[in-house]
Amino acid sequence: MRKFFGFSVLTAVTASVTIALTKSASAAVDPETAFIFNTLSFLMHGFLVMWMAAGFCMLEAGLVRTKNTTMQCAKNITLYSVAGLLYWLVGYNLMYMDVSGFMGSFAIWSGADDVITADGFTGDGTGYAASSDWFFQMVFVAATASIVSGTVAERVKVFPFLIFTVLLTGIIYPIQGSWTWGGGWLSEMGFSDFAGSTIVHSVGGWAALAGAIIIGARTGKFGSDGSVHPMPGSNLPLATLGTFILWLGWFGFNGGSQLAMGSAADVRDIATIYVNTNMAAAAGVVAAVILNQIIYKKLDLTMALNGALGGLVSITAEPLAPGIGTAVLIGAIGGILVVVTVPLLDKLKIDDVVGAIPVHLVCGIWGTIAVVLSNDGASFTTQIIGIVAIGAFVVITSAIVWGVLKLTIGLRASEEEEFLGLDRSECGLEAYPEFGGGSGRV
Amino acid sequence: MRKFFGFSVLTAVTASVTIALTKSASAAVDPETAFIFNTLSFLMHGFLVMWMAAGFCMLEAGLVRTKNTTMQCAKNITLYSVAGLLYWLVGYNLMYMDVSGFMGSFAIWSGADDVITADGFTGDGTGYAASSDWFFQMVFVAATASIVSGTVAERVKVFPFLIFTVLLTGIIYPIQGSWTWGGGWLSEMGFSDFAGSTIVHSVGGWAALAGAIIIGARTGKFGSDGSVHPMPGSNLPLATLGTFILWLGWFGFNGGSQLAMGSAADVRDIATIYVNTNMAAAAGVVAAVILNQIIYKKLDLTMALNGALGGLVSITAEPLAPGIGTAVLIGAIGGILVVVTVPLLDKLKIDDVVGAIPVHLVCGIWGTIAVVLSNDGASFTTQIIGIVAIGAFVVITSAIVWGVLKLTIGLRASEEEEFLGLDRSECGLEAYPEFGGGSGRV
Amino acid sequence: MRKFFGFSVLTAVTASVTIALTKSASAAVDPETAFIFNTLSFLMHGFLVMWMAAGFCMLEAGLVRTKNTTMQCAKNITLYSVAGLLYWLVGYNLMYMDVSGFMGSFAIWSGADDVITADGFTGDGTGYAASSDWFFQMVFVAATASIVSGTVAERVKVFPFLIFTVLLTGIIYPIQGSWTWGGGWLSEMGFSDFAGSTIVHSVGGWAALAGAIIIGARTGKFGSDGSVHPMPGSNLPLATLGTFILWLGWFGFNGGSQLAMGSAADVRDIATIYVNTNMAAAAGVVAAVILNQIIYKKLDLTMALNGALGGLVSITAEPLAPGIGTAVLIGAIGGILVVVTVPLLDKLKIDDVVGAIPVHLVCGIWGTIAVVLSNDGASFTTQIIGIVAIGAFVVITSAIVWGVLKLTIGLRASEEEEFLGLDRSECGLEAYPEFGGGSGRV
Amino acid sequence: MKLIMAIVKPFKLDEVRESLTALGIQGLTVSEVKGFGRQKGQTEIYRGAEYAVNFLPKVKVEVAVPDDLAEQVVEAIQKAANTGRIGDGKVFVLDVSQAVRIRTGETGNDAL
Amino acid sequence: MKLIMAIVKPFKLDEVRESLTALGIQGLTVSEVKGFGRQKGQTEIYRGAEYAVNFLPKVKVEVAVPDDLAEQVVEAIQKAANTGRIGDGKVFVLDVSQAVRIRTGETGNDAL
Amino acid sequence: MKLIMAIVKPFKLDEVRESLTALGIQGLTVSEVKGFGRQKGQTEIYRGAEYAVNFLPKVKVEVAVPDDLAEQVVEAIQKAANTGRIGDGKVFVLDVSQAVRIRTGETGNDAL
């Protein structure tokens, strides 16, 4: 299958020598057993990535103010749903079917596994059930969409946002995804992004950045005198839970991106990926905590959480090749980048409610560059070309979509609605009607 | 083993052609390897279903008012515990051991695996560890009990509720379960319910309905003039988390119900089930959101959450056979049914705190009927017979239990206790003593 | 590999006859397939245990007061990170590499798998990827550290606490761990602790106990007249969620401690472990609920939650050998011990915020003794020797570390900081700025 | 004008409001308070330790009325909030020397 | 001395505080309240059932001032809190017979 | 009768209550408020951006007493709530023209 070979090429390039050996090594495991293992890997790792949708939702719900919390939850569960539908209707085949170099085909996806016939399993070599692969790819696109929702929270109206999600998950993400993972021009050039520091995370980050600029900051966030008015998150344990969920899900995100588990070498690689992923996150937390303590003399929990995610995003482009020491370094730099860029965005008057741009965009870029630290097959120039090409494509297309939405149906709630909270105007509900200023008790 | 064949028959019927092929195909995987895969499927999918207990708990804790939240948590963790104990003491064998047609045997379950002897593994063909199967079946019965707890929340006293749980999980659920999954009369008739739209979800829904009617509505819910007084849920992000947990757990619920993973065809089927399950839920969300927007001009988050669950319940009776398009349709109708029946129950003055009856009963019925859309082996008439027979049995037995409890130890807290909240009277604790009207701060 | 044999010996002793059979039985599964299964078991069960870090965090965040909630979250995510880094830098090899009897070697861990060469998989017999084992061991040490954080909450300063964590996870835990799991003197003596009732849980409990005594109680907890002033937990659904997470994670904790899944007997044992683990927890809940009702006439949710955990800790030393009835008994006694020892600690003026000492220390001791109920290979005397030796070592070393920290940089926040809450003084953040007394709304 | 300040049991709030509306009162302001009085809080048990809840949840109703309505209003509140059980609360009457409606700037009785 | 008690819309609080600071007021006390008045709460829909929210969130500002400042303060609040739309709130003026600063024991106008 | 309204630091509430109980006071009402005054909130940092917390948490104690007790009560509160540090709060005394005990209908000093 095209898509599988597309992936194989990528993986082979990315993971260099060890992976190549896998292929011969796996001869020992009988093909049907390998098929089961490979499929199981997609399913198990896929459900972990699906769980990240809950992680994004809790993180974001905890970091917005109470008056926009219901809305944030509503947006997140709906965008996950929309992403799945669109990836089925358009996205998957646009990304993987008969990729011409710049995109695949417009066609509804329908999984069929011709290696299983009336005579039983007739495949040879490695393989997996088509649906398991689709499932795993689908949860990735949902992650991209979740990233955007956090940045533009607390002022974007829900339906324009969902329309953006439709286009992001149906068209924008799949097209750029085809360039590398679909076997398109970036893949041929040797661009290496194992699990999506750029292809998933930066893409979400770029789309979010375009949105944040075009939608504008929350009313009152930036004073006319250049002052910044923080709007503290309303439920930090929820944000912490979200981060732990994401951390857990990331084992699926990176581990499953090995795309195979049917040989000793593959499962060994997955184990290595788990360890590196965990250590980069741990290093991200510790670096963020220490740096924050040095600069601000406080342990800002939200920075520690963002530090974990920064470490995770940073290791995602190459979670297999580095030794642990290198993984720790990559993650720690991710954590530092987060602590540094969060206030920088404020200075630029870009209002990113949950810190998604520092985490997913900045660390995504860093992670993609860091591939050259451990992967001999990767070239610095090619990595930069990939980052810039994908960035330009996503920023431009996103900006067009956001812009058209702004000019037509409008993107923002009115100032009064924003003041009262989107929960009231968009959802007609309060998230916590009996707490604090809620209307429920008296 | 009886129970295994009981299941096989069902599965074969349900999944028609493809499954049958599995058997010959699996020859390629050696029996011990297949044994491991099958057992692993029960364990992995079983822990996902176990996790649904947390999902129900969070969903319900988020949808009740603060003054009853502790109680809801206490009820849920205790009912999960009681369900496990009862299913061990009575339930499992009543459902699966020597089923006469209408029920199995009264005996404590004790798992022994005679295929593993001093000479090692001596099994041939497919198989799995008995304990793994028991574990998987046990978490199902707990799900049934969780459904009930949501509907009757905020007024039922905890000990009568737990006594009901004992009888539901030890007697009522297993007896009706034996009719189909135990190989009893409904199974012989060809009734098809792959993962339990009727056998698990409707059963919970019927028991809840009987309870809601016999216990009566919360004081103040319905005005004497026919007016409805909503009592908004106190923590919507928690309810959202619960829904995400349930969605995740459902991959285990439906995927594990394939009952085997030891062949390429089986794992392929599980992959298909994951995709269909996810798409039905996604469609349930989108349909509920759109319909709610059309009718009420608001994105009611609680309807979106119920929509997801409605989609999931609807696809549960047949998550394997449909193509994705059909799965989407089945799920979307589930979402619509929820939006329509939630206010309908209010009109009937049936007070269902969390919407469990629309989700689990109404969509459970719909899903069981929808089997005929994709499963050629299923007959509309037989499906209706199964739905009605099980419904009648559960409503009658539940009503007797609820009724006897009402007349003896009483079911409801006093009006004053209800006003102050069950947390105070039953638990002596506040869920959030420092928020809103809590007593903790001042 | 040394560490593997160290484990094998233990396992063989612990699980007596059945396990021994495994070895011959597994001949049927080809070695590479077994390698994949074994590795997968470590990864899958490892991510479940990793998830317990979130469980501890939510449990503790729910049981402290709002003014210390941010701090509790910050401590938990940071300690998990620190534990991973230290176990890499020091801990693993100190526990498993060339254990002399009393400790291993000081060396950074670096996983290499020599059974996978350029010729593919060259291993024979069972095996697993080194990284998967490391990952599984690492999440255990993190659990130990999490236990401590709950007991000393609401008054300890964060950096002294983190320094303690460094020494606990890098030195104290690994040294005592080497005695049994590393193949040291206790293992040679026949001390049996399958998954760590003593080695993980009591160790955390002893370190917590030393901390609670040296740090002292929260200001105002104990009146000078001997009165006890409860400080109710601020978010009980969060604590409930944490308990459910821990329960789920425990299937990984105990199930993965089988250390192999590559044979029918191994996977059968894992299934048995799941069932016993679940039943002990269920019995812990039910016993705690009933006893609490009898003594106090209320269903104290926090006791039910602690009861679940008490049951889980109790079964951890031997989750495989007991029949279900015995598992239920062991768990129920755990639940009872919790209900009895929680107020006892209050009488001793030991302030344990979340009940970690009753759950992890008391039930850990009970569980380790209870091994003799079902495991013929275990001797009561040896079990006691193990409990006492490890207890003495951990109490003494912990007390030294806590004591030195107290005399140097200080352990406690000032009385005013404690009154205002550590969130303000240490983190500069409020967990819930808009709820109750939060500063956010007005 | 008078400011009538009543401390009542929370579940009596709706009845109080309705009885005032019946008197033609068009506005009032409510807040959540904690009361300490003859009515003692239950003794609660948390994890095996007893403790007394000293402060009980009450609702404070504040309503400004023209002098001539004051007596009726006090009476209406007293009736509506009465359960006959300890802890029913109090009504206090204070003098208001001026009242202004923010929207219009109206003052005195017109502002109420 | 006078105690000025104002019920205003929550989002006007900052403007009120600033206008009082401009008058030299050094202290005030604020609380969250719920108001019932001519301004009606929206009808909300929860799970398909309509319900009226009777009480709207308001903020109560209490500030004690010397007699001679009272008029100015009332005026300042009225201006700052005014949006011209229904529900803007009220200002009430009460007499204070004594004031004490807890820290120093100062009394009267010195205590404010 | 007098209504004594005291704004105090939250952690002084228990001492205030005890000192009033010592004077024979049988009831009082408490609410959470936010205070703005000479005492400035700390500057907090959230995600690298500084911001000032203008309002500090305080507790308002309201207690109605017979005229002859008023002075003692004010003094007791002032002593109990005093820490000598800025932000200790204020006590205001207002006149109460009528008091009613809802449970019994008693009025005047009997109602307190």
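In order of appearance the chains are A, B, C, D, E and F, and numbering begins at 1 in each one.
The rule is simple: contacts are C-beta pairs under 8 Å (C-beta built on N, C-alpha and C of every residue); 3 or more make two chains touch, one makes a residue touch a chain.
As the structure is a prediction and not an experimental result, all values here were calculated from the model.
Novice: Identify the chains adjacent to both chain A and chain D in the sense defined at the top.
Specialist: B, C, E, F
Novice: More than half of B-D's contact pairs recur, by residue number, in one of A-E, C-D or B-E. Which one?
Specialist: From the options A-E, C-D or B-E, the copy of B-D is A-E.
Novice: Using CA atom averages as chain centres, what separation in Å is found between chain A and chain C?
Specialist: 32
Novice: If you average the CA atoms of chain A and of chain F, how many Å lie between those two points?
Specialist: The separation of the two C-alpha centroids amounts to 52 Å.
Novice: By the touch rule stated above, which residues of chain B touch at least two different other chains?
Specialist: 30, 33, 44, 232, 235, 241, 296, 298, 300, 302, 428-429, 432, 435-437, 441-442, in rising order.
Novice: When you check chain F against every other chain, which residues touch at least two of them?
Specialist: 10, 30-32, 34, 44-46, 55, 94-95
Novice: What residues on chain B touch chain E, complex-wise?
Specialist: 228-230, 232, 295-296, 298, 300, 302-303, 339, 342-343, 346, 355
Novice: Could you list, by residue number, the parts of chain D that touch chain E in their complex?
Specialist: Within the complex, chain D contacts chain E at residues 1, 3, 17, 26-31, 64, 94-103, 105, 111-112.
Novice: Which residues of chain F touch chain C in their complex?
Specialist: Interface residues on the chain F side: 10-11, 32, 34, 41-42, 44-46, 53, 55-57.
Novice: Show me the residue ranges of chain B that touch chain D in the complex, using the header's touch definition.
Specialist: Within the complex, chain B contacts chain D at residues 419, 424, 428-429, 436-437, 439, 442.
Novice: If we count contacts the way the header does, which residues on chain D are in touch with chain F in the complex?
Specialist: 2, 5-8, 31-38, 54-55, 58, 60, 70, 74, 77-78, 81-95
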